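Here chain A shows up in two complexes: once beside chain B, once beside chain C.
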Partner chain A sequence: MDESLELPNVHLQKPADIVAAEDDEQASDDEDGGLDWTKLLPAALRPVIPKRGEKEYEPRTGTAGGESGLQVHVLERSRAAMFETLKATRTTSSKAISYGIWHPHLARAEVTVMKGIHFSSMGHSAPRQVLDSDGTEKLQKRLELLPEEAIYLIERGSMFCWKESNLDLQQLEGVDGVPMTVQQAYSEMIGTEDLTLEKFQVFAYLKRLGYVVTRTRPPNEHYPTATPLSVAVSSPSVLDRVRRLFGGLASGLRRVFARFDWWHPLNTSTCFLGIRNYGSLFRSLRFIPTGHSVPLNREETNQKDSPYQIFYNLYKPSTPFKKSTPPAPDFQIVVINARTTPMPTLQELTNLFDILPEQPLPLPRQKRLANGSQVEAKPVPSAPAAPLPSTGFCQRLFPWAFPTTAPVTQGRRVNPFMALKNGKKMIVIAVVDAGNIGFFKFSEGAFSEWPMA
Partner chain B sequence: MSSSTRDDDERPIPLRVANQKAYVWDVEDVARIRSKYRLCGILAGTLPHLSQQNVFLGIPLVLLPEEVVLLVEQGAAILIDDPAAHKPPSPAQIAQWHAEQTESMKTQLAGIESKNAKESQGGGRALSEEAQRKRKEREERKRAAKAAKALAEGEEASVFTPASEAAPAPVASPSKTEERESSAATPSNTKESSSFFPFQQTSSSATPHTIVVPAPSSSLPWYDPSSCSYSTIDAARAAGVWSYPATLEERARCGVFKSLWEQGYFMGIGIKFGGEYLVYPGDPLRYHSHFTATVLEAPTTTLRPMEIVAHGRLGTATKKAHLLCGWDDDKKEVSYLSIEWAGFG
Partner chain C sequence: MSLITPSSKAKRSFGGKGGGRRFENNKIYGNPLPLLFVDPPSTRLNSVLGLLGLSLTRVENPHCEGIFDPITRSVWITNMDHCMTLWRRGFFGKGDLSRSEPSWLARQMNLRKSAGKQLTSEEVTARRRAERKQFKLDRAAAIAAVAEEAEQIFEKEGKVTVPALSGPAIPSAATWKPSQPIRPETPITPAEVDIPDPLDEEPLENVEHMQLTLQEAFFLLWNLDCLTVLHPDTLEPMSLKDLWIAFQRAHLPIEIEAPQPLRFDNPFLINYAVYHHYRSLGWVVKGGIKFCVDYLLYKRGPVFSHAEFAMVVLPVYEDPGDQEDAPSNLQNATPFAWSWLSTINRVNSQVQKTLVLVYVTIPSRKRVSATVLESPACFTQYSVREVILRRFIPARMRD
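== the complex of A and B ==
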């Protein structure tokens, strides 16, 4: 039934196609392992990723009880194809393979032969004491790989790795240590330099998709750090703290002196300015401090203990990436183990958002016309780019004294929901449950900055 | 596949444990675990030659901790402290390995020279004799399987290349990605390293050969798991190799998993469906799952109404019933309750 798929001229490696194939009418049933391995073979020929086969609802009761003969046959075929694919060996031409030496005490793999494009985005140089041929020690820069980078390259058959050894290997030409298998790389490299299997799986997953992945927190001083985030949001400075202190004080004072009446919150405003329209009425009703600049009314938990720490910086494949001076990352990723880590608390999320940069608010989605064609993308510059500036101390104290600055667009109303939903800060959390990776996006919605009225 | 290793069937499956995770590195073992013990695990590795996609992953198979506990309790598997099993080789062993490598390289080069490069086989690979024997067996089986398949489908066997030629990756045709990479490669080496690498040296000549990055360690002569194998969970726990299950929650998961497994179900990971497991009536390769199972630590666990609504809603949307599995830690029993949207209106 699938002869056409077994022809070698079917092309592979088009993630979009795969997704599309996966995404047909059975999208909700798109379970793991739901793939038809019969279409994948033979491994030695140019492999082809096929469309998924149709699954059945349940084993039919055959004559022997259990599955029917046909079902058993089809299952056997699928399994055989799957196992056959798994048997593919990592063969690489000697012209394309790199070599490395794993140093367990450093938790780094030193690259001795560099081949391929991987090294334009992987590895960093570090000065190390090396023994020269004449016995003198000297400082030399060399290219080193983090454990996840080393495993990834070994696993995809791009690097042959030796393990540092004190055996006398002088007479063995070309042997720089004990040859390592992929299995040994998994066993010995995971667990070093903060690397867990979950973190490696996320790393490999993203690398297979073509992203450039680096560590957020440099594991040593030689590791290049990313460009400081575009809009550095400071941790509360002294000035901030003073302001916050006075803010608290002021609101206390206001309560005492202004005799703020919870039952008639509009008294003061009406005295001075009067209510001209609904807008000003709603604004004067906004007397509870809102927004993400208002500190959480909670005790600071120890930030170091939280598993919610940013671990990887992520660059889109299209981002021009320079290894020695990486640009500001496109995304930042937290990796957690679903089996041991509960949902993040509000405090944990706030701590994450505190160190993240502010992104510009997304442009509102373009409306679709009735005939399905997209409206010519009209830039809507002013509205989303300049939302309501965070209310200052005086402004909060005397809201009626300030003219309105709400981002009310003249003419066409902009649909604000994209901005409300995405907000200015975003973090991706990779949740790994025993090898099953899910990516979740947490955004800090910008509701206080887009008052509806 | 299931008929292939009949004589091997009694041998306990070695699970290589490192950092409290259990890996399976041998495809024969993966096949046995799947076919005989109805456990799937999760494939975690990059598939060779298809290394830029996430749809089909390869060896190693990472087992869920519940699956590991089940297999070991059934006496079907032993736990191996993998880092400890990688012993340092003796000078003689490494010399032997080097000799084999050089030999295989020479065979390859000779083969390439004598034959047309396009027809050359990747013969005399960098594998030990043991592995070569195994591969021959595999090829034998593959040929048989293929013949059977062709017969069953009533197709011309000649449509396919003969199985003997289907041996992995002919030297002369590296995959497209590799070609691209090597052409884009920066040939700059940081070190004067060519003298250290005979492989490298020969590659500077016109004929490249194939280098194999071995996956399982079992073929290495210095890999010795005998002194660090544990046949029970308790023994492995005492040695600090394996600690699951340690808490009531983990015991409940193991209990529920085992109970469902004993009833003939296959289990997959259910985190994307709002539960612990997906419960399949047969191999997930061929069948849809019927249930999403949630493990409750006790039959008296309190449920919030919102959970029931959420489970019902999600279950309906994904054409599954939600299964609440209450574990009774005293009686070691599981009670089941399923939630389904009633189909009125």
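== the complex of A and C ==
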């Protein structure tokens, strides 16, 4: 790559073609489909490729019992097209290349020449003490890249990186250090600043798909932190308060008059004051402690050692992203190695869920309102924390004063299955298994808030 | 109408149920639990009482009977009326010679009469599978014919045409019709090879019984009080206390000299906590071995819709020391490998179920003494929480 930049190039590459090729390369159509190799070449050099059809899964026998000539011919044609495109040399226009210097002790790449649209979502500005030309030290703000961002740009061909050196470079113009190859970039930068090969792989995969990926925990104080999602906890309404008050009174009275007998948990013999339909029967059965707020009673092992820490914040391509004040992330990612780390234990999951904000309820399919950002549902009436059942006496007395309908948002009922499947809090765990990445969403379930009866 | 064509309604159900069958199902399976609430006649006094929140509703209890079998860790119900009551009101139990509902007798009668008026679910499934096999053979033949044609064109003219895998010439599931009536292949045993003479037929005796798992049995007899369990040797009804201990002992290794102490990590207790919790929320809980999981949750029952959630029970010890002392390894107590988790997830998403990991915390012996295990009050020491697992595909979540 470095040689071709310095040698004169015979083919006149129009910048528009190159940009088009790079854009096409970004948009891989299907996650599971193969790349269309011809899009990497400029229009003049592209071979003719037949349209991609359905996959064949076994060799077909032809007419005379021999090989199918048609199948062999089609396969050979596709293979030849692939090899042809791979043989071509990849180039980048010199007008689109940025330049940077890698500082090993800082573990950052400083960007000297900035070109292209990448830097609207990558890099952060950090003030450094810089030796000025007349020998005085000045505090100057410069654009710096994290190691994963630097490797990504170098590998892509959008950045040319020098390594910082103490050699006297005054005579050489335009040379800021020792030039780094892609392999050197990998070997030097992976391992610094908490970056492992798995984390880089996840970063590069998501960036190629178009997401904006930033770190959750800022590695130094100049790195901007994302504003956390504000959880709108509306104060309980008057009705809720009254209901809780009466519920408490009634359960207290119950406890005085009729002790909860563990050998006869339901009082079905006398229906006078007790259960009289299936709904109340089911409600009185709910005495097993449930929910994520029940304390775990486990000794607190040192949580910093656990590999389950949130590492990346993920923003969808459509979210307006501002580098200096990033908005709340759409997803948060934990990256682990499948071979060395087992599934998360309950303690690790609980620690992760404690940090995360609650998600809004999933709306039924309807067009979004104008202020789509404020789609926070009314808080679900909290399940009774006490294990004993309590249908308040006044609640039965005046059932019309205590409605217990499912939470209604904007006049439409939330589908309970959708709410159950989405859960209340979500974390994405990226599992890297010797090169293959699998993403899993672990959500905190809330079955006790959506009873079926 | 072939059984494999997707029905026009969104719900896929066996036999192409229309409104009539659904109405029938609602009538037969309308009660979610074996207890029935009989409303008093609506007199003026009763309506006044109703306003005050009191009522004179009676509870009708079916009082079923079963025999405890510690070897199979189940309760056997042999009385057919009790079987059907328990199955129809809440989908408890499973026939031991059938898929779910005890239908062996009905199938044998259908075999003899070979009229098949009321098809049992096993017969419907067998017929549907035979039709689908025939459809796949037809489709493969059509594809081979089209490919043959394309090959001929290539050899003669050198023109490359792509043989289609779908299109007007090739049958699809929506348009295929069986050319002749399909007979499902029934396994032929040597005894059935010679056609039985109608005069020699013995009267059919039902050899099938229904089995309740220990969790289902305990739920019925503890909460609803509608099941009496008899001792296998003496056939005397066992008391609730005896049954509580016996159900736990069924999972402990048999000790000849001294009885083993009761433990908190008994699989019966853990599974019962999960079973009770989801039953109390109104779900119908059935076994999930078919999909590599522990339980399946149905909204109203298997006859109404497919299960929505597949539950895997993961016990978590509060004290790691207890885990080392355990006499036998508790299933799923150590977090399993990612490959197995991916496998279960893939199997269940293939059948459109959501995988739910249910964590049950086991109290530590240091904090709670083991004497609390002698009564069901120990359930306040456990806790049940769930974590929902789904796949995240970044390529599709971009917008």
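Everything that follows uses one rule, which is that the second predicted complex is superposed on the first by the 272 of 453 C-alpha atoms of A that agree within 3 Å, B and C clash if a C-alpha of one lies under 4 Å from a C-alpha of the other, contacts with A are read in each partner's own complex, and residues count from 1 in each chain.
The criterion applied here is as follows: a contact is a pair of C-beta atoms (placed from the backbone, for glycine too) under 8 Å apart; a residue touches a chain by one contact, two chains touch by 3 or more.
Just so it is clear, the structure is predicted and the values come from calculations on it, not from any experiment.
For chain A, the partner touching the most residues, choosing from chain B and chain C, is B. Using the contact criterion defined above for the overlaid structures, shared-chain residue A:Tyr205 touches chain B and also reaches chain C. Within the superposed three-chain model, A:Gly69 lies in touch with chain C and out of touch with chain B [touch as defined at top].
Of the two partner chains placed around the shared chain by superposition, chain C is the only one that A:Ile288 touches, whereas chain B remains out of contact.
By the touch criterion defined above, A:Gly438 lies against chain B and chain C together after alignment on the C-alpha atoms of chain A. When the two structures are aligned on the shared chain, A:Glu155 is found in touch with chain B, with no touch to chain C.
By the touch criterion stated above, A:Met82 is placed in contact with chain B alone, chain C being left untouched.
Shared-chain residue A:Thr216: touches no atom of chain B or chain C.
When both complexes are overlaid on chain A, the residue A:Ser306 reaches neither chain B nor chain C. In the superposition on chain A, A:Ser318 contacts chain C only, with no contact to chain B.
Overlaid on A, the two complexes show chain B and chain C touching the same residues of chain A, namely 28, 31, 73-74, 205, 209-210, 338, 431, 433, 438.
The touching residues of chain B, counted against chain A in their complex, run 1-2, 16, 18-19, 21, 23, 25, 27, 30-31, 34-35, 40, 42-56, 58-60, 62, 64-65, 82-83, 86, 88-89, 91, 94-95, 97-98, 122, 125, 138, 142, 145, 149, 152, 160-161, 165-171, 173-175, 177-178, 180-182, 184-191, 193, 196-203, 208-217, 220, 222, 268-269, 271-272, 278, 281-290, 317-319.
Remark: chain A residues 28, 30-31, 50, 53-54, 60, 62-63, 68-70, 73-74, 205-206, 209-211, 262-266, 268-269, 271-273, 276-278, 281-283, 285-292, 294, 296-298, 316-318, 331, 338, 342-346, 349, 387, 393, 396-397, 399, 417, 420-423, 428, 431, 433, 438-445, 447-448, 451-453 touch chain C in the complex. Taken in their complex, chain C has these residues touching chain A: 31-33, 35, 37, 52-59, 61, 147-148, 150-152, 154-155, 160, 162-163, 165, 222-225, 240-241, 273, 276-283, 299-300, 308-309, 314, 316, 318-319, 334-339, 341-342, 345, 354, 356, 359, 361, 363-364, 367, 375-377, 379-380, 382-399. The part of chain A that touches chain B in the complex is made up of residues 12-13, 15, 18, 22, 28-29, 31-37, 40, 42-47, 49, 55-59, 67, 71, 73-80, 82-97, 99, 111-120, 141-143, 152, 154-160, 165, 167-169, 172-176, 178-179, 181-184, 186-188, 190-191, 196-197, 201, 204-205, 208-210, 338, 431, 433-436, 438.
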